[in-house]
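Each of the two complexes below includes chain A, the first together with chain B, the second together with chain C.
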Partner chain A sequence: MVAVTAGERGVRYDIRGLAEPDAVAPKIAKIDGDTAGFDAADLSPRQINLELRRLVYGEGIREVTIDNPGAKHSIAVGILTCCRIRINGSLGYFGCGLVDGPEIHITGRVGWSVAENMMSGVVVIDKNAGSLTGAAIRGGDLVIRGHVGARTGIDQKGGTIIVGGNAGATTGFMMQRGRQIICGDAGGGLGDSMYDGSIYVAGKVASLGVDCVEAEMTPADDELIDRKFRIYGMDRPDTFRKFTCGRKLWNYDNLEPSERKLVL
Partner chain B sequence: MSEPFDLSSRKLTTRKGIDTEELTGKTFPYQFDRSLVEDIDLAAATPGEDLNWLEDINLMEEDGVPAVFDRYTNAFLKIHFEIPEGRGDEYARKVLIKHLQEGNSYGVWLKHKHAKFPQPSLGSWIADSPTVGESWTPPRLEGWEQPLGH
Partner chain C sequence: MSPQNGASNPNVIGESPIFTPRVINDIHAKAELGRYRMRGFSMFKPIPHWDQLMFMPGTLTRFVIEGYREKCETKTVLGARFAKRPLELDIPIYVTGMSFGALSLEAKMALAKGASMAGTATCSGEGGMIPPERDLSTKWYYQVIQSRYGFNPHHLMLADAVEFFIGQGCKVGLGGHLMGQKVTEQVAEMRSLPAGIDQRSPARHPDWLGPDDLSLKIQEIREATDYQVPIQLKLGAARVYDDVRMAAKCGPDIIYLDGAEGSTGAGPHIATEETGIPLMAAIPEARRALEDVGLADEIDLVVAGGIRNGGDVAKCLALGAKAVAMGHSMLMALNCNKEIPGVTDYEGTIGVKAGSCYHCHTGRCPVGVATQDPELRKRLVVDEAAERVYNFLHTLTLEVQMLARACGKTNIHSLEPEDLCALTTEAAAMAKVPLAGTTYVPGVTEERALSEIKSLLAKHVANEGGRDV
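And now, the complex of A and B:
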């Protein structure tokens, strides 16, 4: 693979756009049966991800613990297998993105866009998350026990996002499918331009976005909320209000029928 | 894993429908025989303590035929066997998981040629999946030569 050097800082990348093309897995993890752990304090994000992939893809490890992640960016991305990952500390931005299958527990905070484009799996964050949490997720459970920033679940196409605290402005912006359960308050413009899906809010809603309307809670809604809170050991607020799409902006079913398939 | 698809016999059309049979040029036995998917354990095939991503998979319809949408191919997989009343979503999910576990999803099958990074071929649907993407090389157009100075 050809490597190219570019930019004032001389960052090297290959034709796939991969930075640090010559990096190799540091092989520092301590392996015990099908569990392993390593200290990420002195590793670059690329080295951390290479070590993680070496363990879950190459060594068949099912449980990995990462200590001292140092709020580095883009950690635990693109993991495409069933495994458990525990991250003792906080992550920077774009953590746990593009995953399909893993169950990840982060004991600290996360920056923006955690679990973006998650296809399946479970990501649990014990503290707060930044903006764009769960951007464009298509499936799986994303649980934030603390508060989240703006535009949580923007372009969400499936899956369930659970927020233990408050959610910022424009939560559920352009949401197309899936569910959001917010235990605290929601900022202004909730569900703006959403096409489908459901948002449940236990606290106050500052304002609704364009074409977002309140709907009746059903027994199926309560079953879903009860089940998710039971699984994640969270205290369920007594009452939720449900918000869905008012379907006044639903024009494209008539205009472009095949386009609808592309967002399913 | 199933045999590589022989794409020579497929006939792509310009119609708006997106169907697995059109993309692969073939159908699969579990689209016709319900007994082939009865044993699929949906909870075991998904992460977490419930159905996880399968919660968003429902029985749909394509060309007037019951079908399940395969998000890994962006196409419908038609289901031709009789589905017991009230169990449409369950069988849609079982057919889809069988399709993925057998490596028959067209989008997943394309990984053999196009995956740029080492990864499990069959994702999270099956344990000990073979690895693909270890020896990717950029495609070169036949007869093309790199311009001087590059």
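And now, the complex of A and C:
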């Protein structure tokens, strides 16, 4: 149990010690015109976010650089405006979640659930990402130049996820809309129970999940992949296979007897 | 001479209480369908319920409070732990999360307006925010649910409280259901789904799996909302003691427990009948868990599931809840299961009488509440329905006050387990209050007797040891 001081309301306790109700922005950023930067080495997640918000919302800064983020969790979340954020280092869980509009570049790695529920904008990660990458994203581009863990783009509702390396098991689980472009191999259960959307894989696919089927690549698919690779300056593998929803599970009360075992 | 009934017919041996005509019919239906049966509504089988508890008001041992004259406070504050803006409600009851999709636009609007008139809150439910509901709600919960259908961080910023939906009492361990008939173009677009599909929501959250990740997810939402609003975790009541201990560890401001009696707009019949524990059993376990982790004074407890009247609400408060959330009873205030002469024809359109309808899942709700059909929706007039919601909420509060005053309380939150007794041993064991007319609390009494015997035995052994035998 960690004591969390809460001003006039007296001492309050939190078992994990994550709550920081009384933190204030440290105001340490060096501001130069509409750009700014600060060192996050000695700051808590709350202080980093308060400083970032102060710069973006309060000072009208359009480009912020954060050094030494130290793989802290919940950094740069809930940013709902257009701006550029460069993070020199790695993030922990839930980095850049719940954002709408910013362009974020992370030079290191990220933990679980990066950019979850992103509405629009761009998040580029130079190295690897953990599991649940881009969970439930609704728009924007999420680019991971390295490998990603399991269940990438779970519940994805829009946008594009690009993976330079391999993707783990159950990639695109229950995906609803949007696109995933995977340059390396995909783990078992690809596209399991997906409702809609497209997954492009250049490498090997260990196995397909329930109701995920291979579809024909069209010129429009190739054009989209070309365009995305041009934007992010990535090497495009020569050929991709496309996977979509088989649509057999859309209405489960009218399955044919032979299809019923799909849902077991 | 012909026999008048089966009992006097020598050829009839009897009938099975296990394979009843209803059970046999269920087997026939499944053999035809080849799948589990879906339905709306609450639990159909009998379980220990609030009817089995009674209040023991003041007589000579307790001083009673004058009804209609002396004040009995009903104000309820939730989530003052870390939130800069705790949720302040005028009454201890609010309208729980029910999705736009399961409910019509008119139903959502009427609930919002009625709740605001009563000075209390509503909740978005699963399908995302609909602006008219937010406009009409003075206090509004935004739900972070497994599916994240329509979840929008801009809407998150408009919330007065955030609820993590982890499970619901009616079908603990399952995600939501919305049958294709109700997944209209509009509902589908809000949820980013193809129209007309049978939607089965995920049962797990997409971005966290266990309590350690949930702690960080809560941190993320707190960071995104700048610690302004309370964070509530909604759990289906199952292994309550351990679940609440874990939930408390994750750092929320409020824990919401949903008993097995809770309703659903659509769920597999087998799950609604066979999952969860009664709310009466859950509340004492939750209180014990919060006390054991030392956070009973910091984390507020909200409860729900099968609450019908002010007596049920008062009993929840007495057992240790801070507030009660209500869903299905609020739909009944809107007109659910009410035959309206000249307008509805329950038997003709649904196949059952008004009062026995559980067909929310079909989208053919005759009173325009649980439907997306434009013609049926016209049967629910928002302003009139809102008035009924307000009347019902107001009446519930009067009933709670009446019982609280009779028990000698000037604040409804002063109701306590001491004010209750049980009519059955089952209820006494679950609610941990004495069986009426006795001091017997099953389990607790035996535990006390055992520890007394142990301490006497220890003394005896110590004395015998002193005599060096």
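Structure notes:
The rule we apply is simple: the second predicted complex is superposed on the first by the 233 of 264 C-alpha atoms of A that agree within 3 Å, B and C clash if a C-alpha of one lies under 4 Å from a C-alpha of the other, contacts with A are read in each partner's own complex, and residues count from 1 in each chain.
The rule we apply is simple: a residue touches a chain if its C-beta (ideal position, glycine included) is under 8 Å from a C-beta of that chain, and two chains touch if they have at least 3 such contacts.
Note that the coordinates shown come from a computational prediction; the quantities given were computed from them, not determined experimentally.
Using the contact criterion defined above for the overlaid structures, shared-chain residue A:Asp221 touches neither chain B nor chain C, since it reaches no partner. Of the two partner chains placed around the shared chain by superposition, chain C is the only one that A:Ala135 touches, whereas chain B remains out of contact.
Put simply, more of the residues of chain A are touched by C, taking chain B and chain C as the two choices.
When both complexes are overlaid on chain A, the residue A:Asp211 reaches neither chain B nor chain C. When the two complexes are overlaid on their common chain A, residue A:Asp126 makes contact with neither chain B nor chain C. After overlaying the two complexes on the shared chain, residue contacts for A:Arg16 are found with chain B and with chain C alike. Of the two partner chains, neither chain B nor chain C is touched by A:Glu63. With both structures placed on the common chain, the touch criterion links A:Leu98 to chain C but leaves chain B unconnected. Contacts of A:Leu80 after superposition: both chain B and chain C are touched. When the shared chain is aligned, no partner comes close enough to touch A:Asp185: not chain B, not chain C. The intersection of chain A residues touching chain B with those touching chain C, taken from the two complexes, comprises 1, 15-16, 18, 53, 78, 80, 100, 119, 138, 158, 177, 257. Here chain A touches chain B in the complex through residues 1, 15-16, 18, 53, 57, 60, 78, 80-82, 100-103, 119-122, 138-141, 158-160, 177-178, 227, 231, 257-258, 261-262, 264, going by the rule given at the top.
Looking at the complex, you find that chain C touches chain A at residues 33-35, 80-82, 84, 147-148, 151-154, 156-157, 180, 191-194, 196-198, 200, 202, 206-208, 213, 215-227, 248-251, 293-295, 298.
Within the complex, the chain A residues that touch chain C are 1, 4, 6, 9, 12-16, 18-21, 45-46, 49, 53, 73-74, 77-78, 80, 92-94, 97-100, 112-113, 116-117, 119, 132, 135-136, 138, 151, 154-155, 157-158, 174, 176-177, 195-196, 250-253, 255, 257, 260. Residues of chain B that touch chain A in their complex: 16-18, 46-50, 52-56, 60, 69, 71, 74, 76, 116-120, 123-124, 127-129, 131, 136-138.
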